[in-house]
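First chain A sits with chain B, and in the next complex the same chain sits with chain C.
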Partner chain A sequence: MDASLFFLLNMGYGVLTLALVALGLAVIFGLLGVMNMAHGEFIAMGAYSAYAAQSAGLPLFVSLPAAALVTGAVGWLIEATVVRHLYKRPFDTLLATWGISILLREGIKLAFGVDYKSVVEPVSGSTGVLGIDYPNYRIAVMAALLVCFFLLFLWYRKSHASARVRAMIANPELAAIVGINTKRLASLAFVIGAASAGIAGAMLAPLVQIEPYMGINYLLQSFFVLVVGGLGSFHGLFIGSGVIGGVASTASAAFGGTGGYVTLLLISILFLWLKPEGLYAGR
Partner chain B sequence: MERRDFLKASLIAGISTALPRQVFAQSDTLKLGFLFPKSGPAAIFGPSSETCIKLGVSQINAAGGILGRQIEAFTGDAGGAPSDTVQAAQRMWRSNGIVALIGQHDSASRAAVIGSIHGQIPYIFTALSEGGFCQPGLYALGETPQQQLGPVIPYLAKAKGASKWYLVGNDYDWPRKSNDIAKPMIKASGGKIVGEEYLPFNVNNFDTTLSKIRDSGADAVFITLVGSASVGFNRAYASFGLDKQALRLGTLIEENTLAGIGAENSKNLFSSVGYFDALDTPGALAFRAPYYKTFGKDAPVLNTASEGLYEGLLFVKAVFGKAGSTDPKAFAAAAEGATYEGPRGQVTMKGRFVNSNVYLATAEGAAFKIIESFQNVDPGTVCTN
Partner chain C sequence: MRVADLSLPLSLAALVAVPFVFGDFTAYQIGLFLLYGSVAQGVALCWGRVGILPLGQALFFGLGAYLGGGALIRFEHSSILLYPALLGAVLAPATVAGAIGILVFRRNVGSGPYFSLITLALSMLAYQVALGADWLTGGYMGLNGIPPLPGTDPWSTLYWVILGALVLSTGVLLWITRSPLGQLLHAVSQNEDRLSFLGFDIARLKALAFAVSAALAGMAGALYAAQQGIVTPQVLAYVLSGELLIWTAVGGRASLIGPAAGAVLIGMLTSNLRDRFQYWEILLALLFLAIVLFAPTGLAGLIAPLLKRLPKRVHAMRDVERPLPDRGDMPMLSFEEVRVTIGSVRILQGLTLELKKRGLHCLIGPNGAGKTSAFNALMGRLSVSGGRITWGGRDITGLPAHKVARLGIARKLQVPAIFHDMTVGVHLDIALWSGGISARELLSQRSFRYRNEILGVLKEMFPFLNDEEKRAGDLSLGHRQVLEFALSVIARPEVVLLDEPCAGLSTQETANLTAAIRKIAGRFDISALIIEHDFSVVEELSDHIFVLHQGQTLSEGTLEAIRADHKVQAVYTGGTK
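Showing the complex of A and B:
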């Protein structure tokens, strides 16, 4: 009983954080058709923002808006200077954002050095959940994510903004004609994607290793999620996170770490091969 | 000495007295090559490696150099693919004319480099390693698992009651061989293995492994995860409160890794190796004091990896001095039994591996505290070829 509850909590944590990590990539790909290879570096910038906030003596919750501001601003700059000119040229955006990722990584090295940074958990200790001890900060992260995703879901379904976004995706020319400022909307979508990656980095910072190369793993994981869930839809994001997170926990419990990772790769390859649209093709 | 050489030498000696010292130093330096990671995930050791080399070279040069010649240091990057490390080594050898190569990097690069220089110049490998390699011309100064675990596992069994061990490492050579060496030692100490697991480098969620450790009832975890994987694992380990259940022993948890793990996650964590920044033996202080005096309080923190390069210099000085020339054959003969006093204490080469001291430290916050020392520990490998 103990062990399986523990397993379920871990899996829940895995799936929720995976969805959080992949959200920015999903937003930017889903709305703009850009595979943002610098996604991992935006997450890293978020984590380093949390570190900078801690070094300045600020409480961690301040680091969430700070991270969003920093990564959002960098995202805005990148969209305006590079990505904007490459829409509808998917391969070029891939190369350009790959180059940007190297640039950002080197920037992080210059600003913070190559050594590991440690961010302290804002709430420490653990709480007894039905007889087992689970870390408080993880519980807080899971609760916050559940609420955030629920609100996001409602907004996506109901709001006027999301209708415009969907109009823009469905028919950019027509959307422009009926008075939707597609240029501004595209810029906004990129900024939101970048900022959500920054928030993810800041939120996870106390739980993970922080170093200049940390982004690459998050990019890979996010990519797996989108491959399985379907490239660019809100439902697909959760289906993908559920499958990848669930498989990762189950397979590594059964076959060990290496076996678990191989299973993930196999599933992603199978999806790319047999079901390239993913389980939930929103577009 | 051949007549020709004698004439040349006397001629050079004649000129050198007539010329200013610096000109002489530039024209007849003893060139040494250093390989260490400058890029990639291990680049964390780059800055401290550079400062350790600078310190060693300036100290030896100030004391008259090696064989009366001033050292000129060349460096190459060993942080990328082994083939790139080989190119860096070849460049220093063929173009710069180095007479010995000193390196601290991963084992894959070591195998590739020795395969490309074939003992034509001595290659001194200073990083801790799995041991057991015996290519001619390769000299290992770093600690082996026998040294880092041999005295430590029985100590932890006795002093801390470690008896149920869980082994976790990254999935490659060094962790697997380390565990193969650890297992009989654990059994001999009266303990047993309750789990063994290898993780890919790019895993950053350790939940499954941690719940296995939790369920296994382990009271000790031997960690051979490296770099950021070790940092991530140890952070999550503490957040689950496993630090109360089982002690942790690492053989590659050095000062940078500990800083990443963080003060609040380092309870019940042990590390065993030949050098720590916290080591305060006379030999260690003779190295540490000038280091921080030269490079400042905020200098890259000293650690086993970069300290090794400094010892590489001490070793090369001892052996070249004993051999009386830079000839690789003379080097091989002189290396056997060569000894020097370094930061780790006295180091003596036997069969191209060294007997040296090993220290066990425990983490106190984000710093190490030495709790036990083991003198002149046998490396477990003796090359006879």
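Showing the complex of A and C:
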């Protein structure tokens, strides 16, 4: 009983954080059609921002806005200098963002070195949940994410910004004609995608090993989520995170790390084969 | 002589001179990057020629290295088994790649990011397996004490084997790119739809190129094991896959020896500068970005303009007459209650339509009637939610485009679809091969000499088709329409679907093309199903007319019968454009 509850909590944690990790890639791919190969490096930058904040002796709650600010600014710069010129050339955006991922990674190496870093949890200790002890920080992260996603969902359904974004996806030319500044909107979407990746990195920083190559696995996980869930909707993001997060924690528990990875990959290929549009493709 | 002809022997001479001029140690260092160069050549085949981007090519290099290293250890004293085992180190990666390619490409028209990310994920997986499976791979420490290739010394004579391997890979790639197969691979990157409407299986072509690139990677990997004497999981690492991409980009993705030159140049620079100049890796990443953005052809592209004055390649004389396919009666094409729905929009609502006998059939109807959608449903490009499409009684609903095309159903698109960067001559070749081509013909230069009777008639009517060296992208719109029409009829299909063949043409051009359609269809017994708005064309080209309205057949018959039909008059008042 205890073991299974623990497992369920871990799974819930896995699914929620995966949704956060994948959000940035989903926003940028879903809205702009750009597969941002540097997504993992944005997450790494968020984690390193948290580390830098800690090293500078700043209180740890500063690290989230700091990470969002840093990654958002880098995202804006990249969109304005490189990605903007390539929207009509999807193959080249793939290559260019891949080049950017190397650039960012090498930048991180130069600034922080190649060794592992760690960040201390801002909330320590653990709480008894139905008879088992669960780390407080994980509980805090889960609660914060549930609230954030709920708010995001409401905003997406209600606000004019989301209507404009949806109009831009449906027909960029027409959206421009009716007075939507598609250029600024595209830039904003990229910045939001980058910043959300940064927040994800900062939030996960106390729980993972921070090193320059950490990004690649986040990129692949997020990609699997998109393959399974489909594009362009919140439902898809959560279904994808649920399937991938659920499978990952179950399979890792059953077959170990490599076995879990094999299972993930096979499931993603299976989805690509059977449901190339994903489980929830509706835009 | 052309650039490529001259650069090959020059580079070879330089590489032969290396051990004599710089000594064995430099040759050993360069040898390693020549191996990576062979892998980069394979990456360039996929990326530059076919337009698919493998992001995890280290997977196949590493596979070859582990298999080759294992073979050298296991069969050190039995050369009868060693060489077949080494061959396995080349063939196994190729087989794996071919299987992955088929699996991914069959399902996924277009070359989006899926293939790239899946190859990346697979290489990450292989890395983890190599790290974890101690009993098989030696884990973190890797395979140690790999004996050299019999009769060679890794520090001196193995260089010649490596050079031989590079010459082999260059030779194989040169042979492939100059063959009909190479033209088809290039055509994939230019226009997948057009090629599949001609009956070519895009997934197989892409998977084949990927398999060839993996074979090259496997060969280089096996030699790497022999040269280094140790294979660790680093040969599978993501970093190597990335470096391969950079070398290929710098050398020139569309070039043959460019990627190998890029590997040697950047590889040697990196190993010398990495520790001395801390900004080197950043500089390299910036260089890669600059190449992607501003100079996609890399170094090879910078050198090429210097030799622009050289004469371009002349197309082979067409002196091999190909007989037209024989055949009996046309199988009946019929749509039975076909339904197509996209989202909440019902595009076809029980379309029923039969092409019973040979002749010219027109498909008319107001915008949104479902004319082009009917073509798309037939060619497997729109999924049919109800009813069925049959050909000679056989259910062909949902068959992929290339299989429908092979039944003898050709299609011309509304906006002319051609292979922009390829010559008119190669277009005609591809059309001639589209009726069916054997594996041997795919690799034979003789296939460039084909001609047939239909081509003869077309060349007579449209003299521009004789200028076979002309780039298709440089043709006028009118000529492109004619060229695509030629592509779809040269192999003598049973039925050709023409989607507004005269769209955008002048009155004179329209008259010429209309006459050609009538003449070719009549003389060679090719039926046509033509979507047309222009009534002057309909008058000229219709033995039988179908009127579509709201996804159903409203009326059918001869032009007079249609004109007299009140239902048609009600929804569709015809006129000339």
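To be clear about the criterion, the second predicted complex is superposed on the first by the 282 of 283 C-alpha atoms of A that agree within 3 Å, B and C clash if a C-alpha of one lies under 4 Å from a C-alpha of the other, contacts with A are read in each partner's own complex, and residues count from 1 in each chain.
Basically, contacts are C-beta pairs under 8 Å (C-beta built on N, C-alpha and C of every residue); 3 or more make two chains touch, one makes a residue touch a chain.
Every value quoted in this text rests on a predicted model; they were computed, and no experiment measured them.
Participant: With everything superposed onto chain A, say whether chain B and chain C fit together or clash.
Facilitator: These partners clash in the superposed model.
Participant: Of the two partner chains, chain B (first) and chain C (second), which one does A:117 touch, if any: first, second, both, or neither?
Facilitator: first
Participant: For A:216 in the superposed arrangement: first (chain B), second (chain C), both or neither?
Facilitator: Both chain B and chain C are touched by A:216.
Participant: For A:257, decide between first (touching chain B), second (touching chain C), both and neither.
Facilitator: both
Participant: What is the contact status of A:171 with respect to chain B (first) and chain C (second): first, second, both, or neither?
Facilitator: In the superposition, A:171 touches no partner, neither chain B nor chain C.
Participant: So, does A:181 touch the first partner chain B, the second partner chain C, both, or neither?
Facilitator: neither
Participant: According to the stated criteria, A:55 is in contact with first (chain B), second (chain C), both, or neither; which is it?
Facilitator: Neither partner.
Participant: Contacts for A:137 in the overlay, against chain B (first) and chain C (second): which applies, first, second, both or neither?
Facilitator: Touch status of A:137: first partner only.
Participant: Which of the two partners, first being chain B and second being chain C, lies in contact with A:127: first, second, both, or neither?
Facilitator: It touches nothing on chain B or chain C.
Participant: For the combined three-chain arrangement, which segment of chain B clashes with chain C: 62-70, 152-160 or 170-178?
Facilitator: Between chain B and chain C, the clashing stretch is 170-178.
Participant: Quick check on the output: what are the common chain A residues between the chain B footprint and the chain C footprint?
Facilitator: Dual-contact residues (chain A): 213, 216-217, 220, 257-258, 261.
Participant: Which residues, counting only chain A, touch chain B once they are in their complex?
Facilitator: Against chain B, chain A makes touches at 3, 6-7, 10, 13-14, 113-121, 124, 126, 133, 135, 137-138, 207-211, 213-214, 216-218, 220, 248-249, 252-253, 256-258, 260-261.
Participant: Spell out the part of chain B that touches chain A in their complex, as residue ranges.
Facilitator: 40-41, 43-44, 46-47, 171, 197-200, 202-205, 207-209, 211-212, 214-215, 228-229, 231-232, 235-236, 239-241, 256-257, 259-265, 366
Participant: Could you please specify the touching residues of chain A with respect to chain C in the complex?
Facilitator: Its residues touching chain C are 35, 82, 85-86, 90-92, 94-96, 98-100, 102-103, 106-107, 109-110, 213, 216-217, 219-220, 223-224, 227, 257-258, 261-262, 265, 268-269, 272-273, 276.
Participant: Quick check on the complex: what are the chain C residues that touch chain A?
Facilitator: Checking each residue of chain C against chain A gives 51, 53, 55, 103-104, 106-108, 111-114, 116-118, 120-122, 124-125, 128-129, 132, 238, 242, 245-246, 249, 278-279, 281-282, 284-286, 288-289, 292-293.
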